[in-house]
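Here chain A shows up in two complexes: once beside chain B, once beside chain C.
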Partner chain A sequence: MRTRKNKGAYYVVSLIILIILALLFLFPLYWIVTGAFKTGAEINSVTPVWWPTEWVTNNFEKLFSKRSAPLFEIGSLTGPVVPGAIRWLVNTVFMAVVAMVLTCITASMAGYALAKKRFTGRHILFTLIVCAMALPKQVILIPLIREMSTLGLYDKIWAVIFPTVGWPFGVFLMKQFSEGVPGEILEAARIDGASEARTFSSIVVPIIKPGIGALAIFTFINSWNDYFMQLIMLSSSSKLTISLGIATMQAENSTDFGIIMAGAALAALPIIIVFLIFQKYFTQGITMGAVKG
Partner chain B sequence: MATLQLKNIKKIYEGGVEAVHSFNLDIADKEFIVLVGPSGCGKSTTLRMIAGLEEISEGELYIGDKLVNEVEPKDRDIAMVFQSYALYPYMTVYENMSFALKLRHLPKDEIDQRVRWAAEVLDITKYLDRKPKALSGGQRQRVAIGRAIVREPKVFLMDEPLSNLDAKLRNQMRAEIIKLRKKVNTTFIYVTHDQTEAMTLGDRIVIMKDGWIMQIGTPQEVFDHPANIFVAGFIGMPQMNFFDGELAKNGEKYQLTVNGCPVEIGESLQQALKEKDVPSKKVIVGCRPEHIELSSADNALKATVDVSEMMGSEIHLHLNCEGKDIVIRVPSTKLSAEHRGGFEFGTDLKFAFPADLIHLFDPETENNLI
Partner chain C sequence: MKQTNKPSMSRVLRRRETFSAYLFLLPSLIFFIGFVIIPMVLCLYTSFFDSKLNANTPDVFVGFANYVELWRDPVFKKALVNTLVIVVVSVPTVAAFSLWVASAIYKMKDWMLSAFRCIFYLPVVTGSVAVTVVWKWMYNNYYGIFNYVLKGVGAIDNNINWLGNPSTALWCIIIILFTTSVGQPIVLYVSALGNVDASLVEAANVDGANNLQSFWKVKWPSIMPTTLYIIVITTINSFQCFALIQLLTSGGPNNATQTVMYYIYYTAFKLYRFGYGNAMGIILAIFIAVLSAFQFWLAKEK
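Right after this comes the complex of A and B.
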């Protein structure tokens, strides 16, 4: 039996380990953010400069002076010309937000149907979805490119959005959450006269909201960080996402790490904001399997 | 008018499992029917078929004059209260109660009026702005009932609504349901596995076992004249005692012996046996614990005390009668001061059956001989 003293020691040791791990994970972010404000000499210095001696913003100035593109293009309608990095950021936010919203809608509906509706082939369908989770992205890449080309979506932001929307993991996650919706509540709604759509929107969605929150953040991060898919599907400069854009800059200006650091800091910012907002749901989503089985 | 007719209703699940067999029942307008039976007897399945939550495999269900087999639950003009309350967790009590009315597009004033009336009837007005999780079990169940009564349904269905409550609250809510029934004055179909609820609430009780109806009758009828051994054992607490007996027809008179001791048969029972022309045969004799009397007569049956339970106003004696366990209830007032607190283990006692309060069952069919 663990004594009170032992418990105290256990707590202190765990805390120290957690602090060390947190610092380790924070370090790249710290290095990028401080690096974005360092001079070129400090960045390239052989002995690491841990803190900028002078906070400079010229990396950001250079980043925003590079290239120009319209803020948006919808058919023939184009926005004001802005620095390329801003356009990439707009592209990335649009891609991640639309993918997130569409995935949440489709996955929650599909998950609910698989969990609560009885229809022929339900188990086979779910097995297929679970199998699809095991497929590496590289395997479906060629068919996906051909599909997008046929649909006329190649080199369009939708080519990276649509493949995310049918995310099998999202359906799986939402099915697990929907299993927790008591059947009697759905029956009560049925007797009360609620249509399927009304039952889903007014009764089911509020109950599985934590799951949708977790899925939203998973999808957002997944979509934001899906460098590989973006690299394959997008090629025109104005269609690039922020990570692709930074990569192209790396190729052209292999020595100017300042711009790259500034771009990376800019790319990390929305993810951090989203994480802070949905943090509660994110942890709920991760621990869900542990409590619901 | 909300009469119900269940004609040869069957429920056959995938794989051929028949959960309800040929269920026939006519329910009168404003009648309170209780479906009672042990777990798995098909009572909830029957209720769910009436609600439209389960498909009816065979047979016909009429609500009023309308065949409703294929009618959606919302169009059957029914309301249902579930065992788990089934309240919408993210809605307030008011929203829970008004949900169905909003879906029917009733005017706001009317919705408000109905919800407040129901809340007053159930004494939950002060909780209208709370979410279900902020309520106790009893309050939640009131909300669930409130949600049903605001709809002013033709038929009120209740699926073990008190099962999740503790014993004290259950008694209280049972009384509330009796009062509620007088206020809403509609047809009730109530499912329970608790025979006390069945006896106290029902105008008529339907006792079920393994998907079959065992008996339909008023509480008094099923208690006084159980159709078979199952009903006799199910209704009554503690349950009826059963003995192996021998019935002999001796001219115009019947004679009964249990464990070799003669047992007197009352005049009405003699008459009934004669009318049915029951031949001499082995029988199962049933007698309720409260009807068995301690006796000092020479030809009384002998037993020894296993357990003596002091219940306050009475004592429950668990006796061993020639290897058979029986229970008898003895009012404390009928005992001497010495035994008012109970009997010692191993005490030898004698008991007798009152002549008119015994039941005779056929050992083969298990049906009541009368």
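Right after this comes the complex of A and C.
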């Protein structure tokens, strides 16, 4: 290895560049979090205040004093009145969790059938799924708004959940994972007289569990952040998601960066924590979802 | 193919298999057909109508009039050009940058690898709204750090209104889009580079190839499918660039940051020209479909 010395130098230089880049990538997040705790004077200072001299919570107080809504509304049952931003968080968590659960159930069943069953129409269906995935998702949302009004779902959280569940990426991902289920095991289960449902729940699901984990975290994060869909489907102020709420707020008082940063922190930090905890599954999902060749 | 391996599988069995397969597919198909396929068909259908979105005004069939109007619409042309600029600038830079980062980090210790991968992915996870509002502040004419830092190092003399200036606004958008686009490609490249057959690289090194040669001759061809996939997803994402535009510039100043996706939204929901918006959606879908088909063709050629 005659080039080891050069390699060492190259390694150090690239590491330094990487660290600088990493700091630049982290900066917006740092600016959100510190900005959320700065005083108004420091926010609007012409000379940037790199580190808050005193950490104050008035931005959050202002954020929580705006508008209020019941914590939840299920039929005629309503929760205690809370600040609007809290209600937005509740909406967002509900949306992301329900979309995640529904996607995982439907996609793992469909992915298994596509991977392991030889049935009429299989080829056409798979082609349709791959083609749909290549189309711009946002384009179908424009006609979707009319469909949702017809179904009476406009301005309801379901209007955001259903299209997320319908998006075929999950089926594709779960098909990739289900290919790994050995056919002999399924055959043996059939010979033993296990029902289809039983074969699926006690043989297939345990094997594809890592795939379900990947899909769950992927759907959760994507649906949390799917701003465009939330924007066109939801309108009344108690129905908003946290991203949409912050966007509406910044349209109303676009110069009060303090309150907007507090809102941005409230929208971003929960999802970042979820991401950091489940990072491993997430990476796996991205890699498996890529079309190979 | 599989059926021929199992000649014993009778028609009755196959019918049973088909029936049970569709039972498994049913829940997923309801959502897929109801909320993906039907809207796609509706999109095409509505694009031939003059539609106002509101239920009281009936749609009027206009044939290809929406498409003809699109062809003549200067704002649409401007939007298309801007979108193409975004795509042409961001796709190669995102691919090159993420390839460099991935090749610099993929052999590192596990904790360093995941730390870097995580940091470059964070802007995606943070969400477009949170990312956009903080950049809006950083670009701000009076309180933004860009003007402060650039004046500090002497690069500019006076404050620049980055988002309000037609010659800088689009570049501001492209920079933010870049930071939110490299996360996924880096993850994909790290895994692709890790899968390159180590014995091939070794053989090349034994034959006296230097690092650069072994990269171009051995690693580059084997990560080609990943590169193509990254190009396609980055193209689709750049085409759909919306939140940045809506929250930062609303397509302004003077349509300098108008993109197809924002113009679709604006036409359908601000001008209530629903049919016209759908016609644009169809054109955008065709654009992306042609590009994707081109990618698959390229992949096959390799």
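Everything below uses one rule, namely that the second predicted complex is superposed on the first by the 264 of 293 C-alpha atoms of A that agree within 3 Å, B and C clash if a C-alpha of one lies under 4 Å from a C-alpha of the other, contacts with A are read in each partner's own complex, and residues count from 1 in each chain.
FYI, contacts are C-beta pairs under 8 Å (C-beta built on N, C-alpha and C of every residue); 3 or more make two chains touch, one makes a residue touch a chain.
Note that the structure is a prediction, hence the values are computed from the model and not measured.
Novice: Once the structures are superposed on A, label A:Ala113 by its partner contacts, choosing first (chain B), second (chain C), both or neither.
Specialist: Only chain C; A:Ala113 stays clear of chain B.
Novice: Going by the contact rule stated at the top, is it chain B or chain C that touches a larger number of residues on chain A?
Specialist: C
Novice: Look at A:Ile271 in the shared chain and tell me whether it touches chain B only, chain C only, both, or neither; answer first, second, both or neither.
Specialist: second
Novice: Give one of first, second, both or neither to describe whether A:Leu21 is in contact with chain B, with chain C, with both, or with none.
Specialist: Touch status of A:Leu21: second partner only.
Novice: Report for A:Ala188: first if it touches chain B alone, second if chain C alone, otherwise both or neither.
Specialist: Touch status of A:Ala188: first partner only.
Novice: Scan A:Ile142 for contacts with chain B and chain C and give back first, second, both or neither.
Specialist: In the superposed model, A:Ile142 contacts chain C only, not chain B.
Novice: Quick one: classify A:Gly166 as touching chain B (first), chain C (second), both or neither.
Specialist: After superposition on chain A, A:Gly166 lies in contact with chain C alone.
Novice: Any idea which chain C residues touch chain A in the complex?
Specialist: Of all residues in chain C, those touching chain A are 2-3, 9, 14, 17-18, 20-25, 27-29, 31-40, 42-43, 46, 53, 55, 101, 104-105, 114, 116-131, 133-138, 140, 142-143, 145, 148, 179, 184, 187-188, 191, 210-211, 225-226, 229, 232, 236, 239-240, 242-243, 246-247, 261, 264-265, 268-269, 274, 277-278, 281-282, 284-285, 288-289, 292, 299.
Novice: Under the definition above, what is the set of chain A residues touching chain C in their complex?
Specialist: Residue list for chain A touching chain C: 3, 7, 14-15, 17-18, 21-22, 25-26, 28-29, 31-32, 35, 43-48, 102, 105-107, 109-110, 112-114, 117-122, 125, 128-129, 132, 134-147, 149, 162-163, 165-168, 171, 196, 200, 221, 224-225, 227-228, 231-232, 243-244, 246-247, 250, 254, 257, 260-261, 263-265, 267-268, 271-272, 275-276, 279, 283, 286-287, 290-293.
Novice: Of all residues in chain A, which touch chain B in the complex?
Specialist: Listed in rising order, the residues are 182, 184-185, 187-194, 198, 202-203, 206-207.
Novice: Provide the residue numbers of chain B that touch chain A in the complex, in ascending order.
Specialist: Residues 51-53, 72-74, 78-80, 82-84, 86-90, 99-100, 103-104, 147, 151 of chain B touch chain A in their complex.
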